[in-house]
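Each in structure tokens, the structures are laid out below.
Each of the two complexes below includes subunit A, the first together with subunit B, the second together with subunit C.
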Partner chain A sequence: MPSSRLWLARPFGERSTLIFLAVLGATMALVVAANLLLAPEHPLHVSTYTVTLLGKYLCYALLAVAVDLVWGYLGILSLGHGAFFALGGYAMGMYLMRQIGDRGVYGDPLLPDFMVFLDWDSLPWYWLGFDMAGFAFVMVLLAPGLLALVFGFLAFRSRVTGVYLSIITQALTFALMLAFFRNEMGFGGNNGLTDFKELLGFDLSADATRLGLFIASGVALALGFLLCRAIVVSKLGRVCVAVRDAESRTRFLGYRVERYQQFVFVVSAMLAGVAGALYVPQVGIINPSEFSPLFSIEVVVWVALGGRATLYGAVIGALAVNYAKSVFTGVMPEAWLFALGALFVLVTVLLPQGIAGLLSRSRQQGSDDDSDTQPDTPTDTLDATPREATP
Partner chain B sequence: MSFLQSLADRDRVFDFLVPEQSPVDVRHGPILYLEDVSVSFDGFKAINDLNLTIDDGELRCIIGPNGAGKTTMMDIITGKTRPDQGSVWFGSRHNLLTKNEPEIARLGIGRKFQKPTVFEALTVFENLELAMAMDKSLWPTLKARMTGEVLARIEEVLETVGLASLSRRQAGILSHGQKQWLEIGMLLMQRPRLLLVDEPVAGMTEQEMERTAELLLSLAGKHSVVVVEHDMGFVRSIARTVTVLHQGSVLAEGSMDKVASDPRVIEVYLGGDEEAA
Partner chain C sequence: MNSIAGRHWLSALVLLCLVALGLGQAWAQDAGASEAASSDQGPALLSALAESSFRDKEAAIDAIAESGDERARRWLESFAEGKLARVKDSGAIVVVLENRGRNWPVADALTLEPAGEISRRELDRVSINNSLRGYLDSTLALIDLRVDDPAQRLAAARDLLGEVEAEAVDSLSELAAAESDPEVAATLEQAIAIARVEQGDVAAVEALSGSLNGQARAALMQASRSDDVALAEAAQAALAESEQALKLNRAAETLYFGLSLGSVLVLAAIGLAITFGVMGVINMAHGELIMLGAYTTWAMQQLLPGQPGLALLLAIPAGFLVAALVGVAIERGVIQFLKGRPLETLLATFGVSLILQQLVRTLISPLNRTVVTPEWMSGSLVINEALSLTLNRLYVLGFAILVFAALMLVMRRTRLGLEVRAVTQNRAMARSMGIRATRVDILTFALGSGVAGLAGVALSQLTNVGPNLGQNYIIDSFMVVVFGGVGNLWGTLVAGLSLGVINQVLEPWAGAVLAKILVLVFIILFIQKRPRGLFPQKGRAAEG
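After this line comes the complex of A and B, so read on.
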């Protein structure tokens, strides 16, 4: 085999990206068309309720991609990514609250309802600026990004890795949850932020706005996917895999491992923040339960089910599990957690590479003409990282 | 444009702002110089007044029974362990005791660990690519593109270690011997002045040992090589100068024959001379 050939652009990986984007685009186009063009009584009509539900799933999928970036490629099992998701959501929620203006229950032109209720006479300083969309959208990126930067600086510089890091991320999101539950924090306490009216002047209850949010979520997912893909196929991505599999060896080659971890962690946190910001206007509420450790663990389960270190696997996992959740909780709500647990155990035992592993295996068998075309991750590497205990 | 760039290139405004990247000074002979080095762990003296000098381009074998301090010595040279006292110099300019692990690696000291640790999920080619001596900070790495220079260097090393035909295979499926060679290749990618090789032939077949001996001999001259090894037959096949460590200090030094006939060495090895013969 001619080793002089520049083969670093992996045909398999690039093709999977194109397939992913094509499927995502086609599905979204179909949903939009079925919502707009078909009459409500048509059997294939997609209701606006379903569109919003799908938009919510797409936000979850973006969150899963962010988790896959740090877990699948860098080996950092974050059990606290819900915190970044929620922070992005709160930044968006604060903007939406300020947009309510004097249309709230108490009709105060400046203060959100919960502050009037608490007898506050002025806006806390950290609420300033959130009446401007541009500022709020920057904060959607900055708030989770800064938290990840500070957290990463402390954790990675002291070389906290593996299970210990997972536990600390878990503690981080739990601490934030407790803090946001407090009324004195000024984020609405356990009720959170809700009763939103409009976003950028568009009525949030209007069908067109909901469709627009669905499309925005899809575009954000595609862009986030491409960003992660660009990182993963660069040399930096290969350094990440090296860190994942042999951290001290990578350090020994002269790489400042903590900087790489910090960079990727911050990028991932920002993606999670964007996902949260798009999620909030679609569900109409953000409250501290988004910080709950259980939610963050669920995200990890999505990624594990879909398949680590593939990115598209995370999307598949997020969509599949959340669809199953919607169906299941409708039929027998109390059994859902058992079903999720069973699903997780089954996939771990039978499909260590998740659904994506199943896909790439069948595809490889289908076109097994060239042994040079290798998938991004071999079977053995996922099992060869025992330090990441899965909950 | 280039004028603007030169303005932006603040390092060049004053000479003293140029980062210290001075070459290793070996005009006085030795490339590595350890003097009176001692280190103890919980009262146990792992290294005890060790003096060792490695000349530029030399191939040196270091032998010694278990617990003689061979690995600790490597740890001190590479900055993993700080000695309690003594001095360690790389050439006559770099005091290694003031530098951390990545800095020492960048100076040109490469170490091959006992257990081969290659990046199993990456291909042989990618393993070498990551090891290439170049700017390893974040942004250059993110923007790095494969250049002809890098490619040529990787192919050269692939030829040297004899893995050219396996360059696109995942490192995880290589045999034990191949992994060892790949790791030596990864060291060579960093263009080291000094190679520290820890037990290169442990667990190798006879043929693999022969190839490893050829490889190490071909490296001497271009690089200075320090080999720590247990296998006496292998040491005999490559050694020019042998240093025997015992209880953290040098017991004997010289040619293999001289060392093997030294009564103190024979005593330490308790019949190890038969194995050596």
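After this line comes the complex of A and C, so read on.
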């Protein structure tokens, strides 16, 4: 394997990566400029509210990239990535809770409000250390990473794949949701963690902090994208695609399939955790609904809409669906679930390659394109027995 | 073991009722005759009560109680409440209906008809003291024990448990000996035994041994702390015995609730097991098909107001049809385009489930609808004092077994079942043998969806019917199918029932939510050990 510096730098040789980074950078620069330089009366002014909203979308986009990494390149349809996202968010939320200090409603210097309300007299052991930013940020990576490690160790070693794996990931996030709803868990139960004051000493309600979080989200997305790209174009990534397309054959060739799956799954979970951690200070709350199976499966449809196994497609899908969601829920909230449901059906039936598929098809029109030139295109052979397409 | 005991109880009860009916009639004739002869006794009895001294009033009360007069109960009750009074002028006894204000409305004590209002000053209250009140209470119970209806006697006997005064023991013993109904007699014996134990009678402890009654156990508890060593030891032994019996009954109750929950899981999962097994696709809209079945029940009850039972019975075929038709629509509209892409099918059907949910919310209501439980399904089957089984759950359990048996018949004895099994095992081979796989797909989907509709009809009797009904069952259903092994109906049955029981066993010490989490974690771990479920398919089909 090449040295790590070269390994991470390799995606810069790709045109698509450069385009993606350029577009992302330019858009963010424009948003920041429009927020800071233009007067609030100016028609092109971007309000801080919108900046935070966009920051939220960027976090979702990072989550979608994480899902695309395992679904697009490893063939693991995770219906539980919301759990990793939420765990990262809770780790951040716990840090933010500890930062409140004695400014809570009950003014307890040590205990968060909900613990005072529940008559707890001391901090549970798993809350210790979260007053230190460094520790909390490590936990943002470690908590989802460890869960993915344990879960992946159990699942991949016994070769649970395909639909079974999807259902188990869904059960995982469902179980976690039920657990976090319990007050006894010590994570605020139903209400979750909220009422945050400051992050690293910066006031969370200040415009500058919000802008900073937006930029941080964008940088995290760019780095996450680069990391995923680096994995995908490396030899490791090639093996992953082989596992996706023919798991048994790859195993017969001598590859330890479960190790590849394990590694990529943990990396993906950590990325999701980072996305959650950046998401929480921007929305100002984390509660168990982030664990809901519906959210996790929604993420998958962002990826499906954008286009599987492209990474940039996941970003497009996440932004598009969430923008549509904001518009719909504002204009006619009851129609949103119809639209989302229809999106699920239409994308899978009519648009299996997603928006990215449309883009590349129009770009390559005329040129004699051989499917071999597109190794990223997923061919869905997740079950080993071939099935006929038509009777 | 308990259910067998229960059956014995039941047959004994029926026998008893028959015997009691015969005896009761004879007794009623007796009572009628004596009443006719003593129709004039009333004024004498009452004035005896009003005029005698406190010491003699007990005798007067006894005279009233033993008169067999059907007004006796009312008189004594009024007396106990201090509402029996004598009109100063006429000497007639009246019952004060309301003792407020200047003029009191009264009723004639003999006819018990309202007799206008009488000034407070015109009335002399028939006086009573506390010791008399205690005596009256047990006397009233004795009166209740003499009525014709065995059910009423049983209720009276139950009221006596732990309430028997020391003086009443002898008269109660006589009654118990004369009692024709064995259940009433047994209850009386127990009441007497409680009184005796309270007085420190070691011999009576034996009668309470193993009793499930709270009063009996309280008496034993007290006796076990007594200074009398023999009594305390005997009571402790008896208490241990009843503790044992109670534990057994609690276990039976947990088992029943577990099986009930399990039967619901089986109903919800079995349709999924069929479609998943045959087509290898996950129908995420399965939960919404269950919901449609439940809503069909509601709609039927709206169409047939006042006849919830008939509507429920009609909802069984209707729910099957509605869900089956929607299922076929899903298969033809979505799933057939996604052959061989199980993960995409999962996503698309999830979209369908969102649309169906929102459709119900928009067209009917986002709020829960009430589905009436017909009279023959409400109430519960009382086995003993510690164990009673709710009837609606019993019916659902039976219904689940019926549906399972019917499905087994279809799968084992019909041409469709044969074809379904063939396609499940090896689609390519089945097709080359001339089976039209597409037709089998459609029919299987209709069957699986229809069973989901049946599950909905059953569920409407147990839970709220709302747009989220299906969502709550979809993950559980998958767990059952995966746990039991895909394409295996027996596996689904065993998995569903055992998960239900496990859940109920865990619940008391872990709480409902934690129990559910533990079950989910257990299944996740189980799948790691046996990725193909409890009863995996054998041979090449298992490689899928």
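We adopt the following convention: the second predicted complex is superposed on the first by the 353 of 391 C-alpha atoms of A that agree within 3 Å, B and C clash if a C-alpha of one lies under 4 Å from a C-alpha of the other, contacts with A are read in each partner's own complex, and residues count from 1 in each chain.
Rule of thumb we're sticking to: contacts are C-beta pairs under 8 Å (C-beta built on N, C-alpha and C of every residue); 3 or more make two chains touch, one makes a residue touch a chain.
Bear in mind the structure is a predicted one, so any value in this text is a computation, not a measurement.
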Q. Per the overlay, which chain contacts more subunit A residues, subunit B or subunit C?
A. C
Q: May I ask you to decide whether A:Arg361 touches subunit B, subunit C, both, or neither, giving the answer as first, second, both or neither?
A: neither
Q | Touching partner for A:Leu337 - first (subunit B), second (subunit C), both, neither | A | second
**Q.** subunit B versus subunit C as contact partner of A:Phe263, first or second or both or neither
**A.** first
Q.
Just checking: does A:Lys197 make contact with subunit B only, subunit C only, both, or neither of them? Give me first, second, both or neither.
A. neither
Q) Does the superposition put A:His45 against subunit B (first), subunit C (second), both, or neither? A) neither
Q. Of the two partner chains, subunit B (first) and subunit C (second), which one does A:Ser234 touch, if any: first, second, both, or neither?
A. first
**Q.** Residues on subunit A lying within both footprints (that of subunit B and that of subunit C)
**A.** 380, 384
Q. In their shared complex, at which residues does subunit C touch subunit A?
A. 280, 282, 334, 337-348, 350-355, 357-359, 361-362, 427-428, 431, 436-438, 475, 478-479, 482, 513-514, 516-517, 520-521, 523-525, 527-529, 531, 543-544
Q | subunit B contact footprint on subunit A (complex, rising order) | A | 1, 3-4, 6-8, 231, 234-236, 238-239, 241-242, 244-246, 249-256, 259-260, 263, 372, 374, 377-378, 380-381, 384
Q. In the complex of these two chains, what residues of subunit A are touching subunit C?
A. 77, 151, 154-155, 157-160, 162-164, 166-168, 170-172, 174-175, 178-179, 181-182, 293, 297, 300-301, 304, 334, 337-338, 340-345, 347-349, 352, 380, 382-391
Q. Tell me, which parts of subunit B touch subunit A in their complex?
A. 78, 101-102, 105-106, 111, 113, 117-123, 125-126, 129-131, 133, 136-138, 141-144, 146, 151, 155, 158, 164-165, 167-168, 170, 172, 186, 190
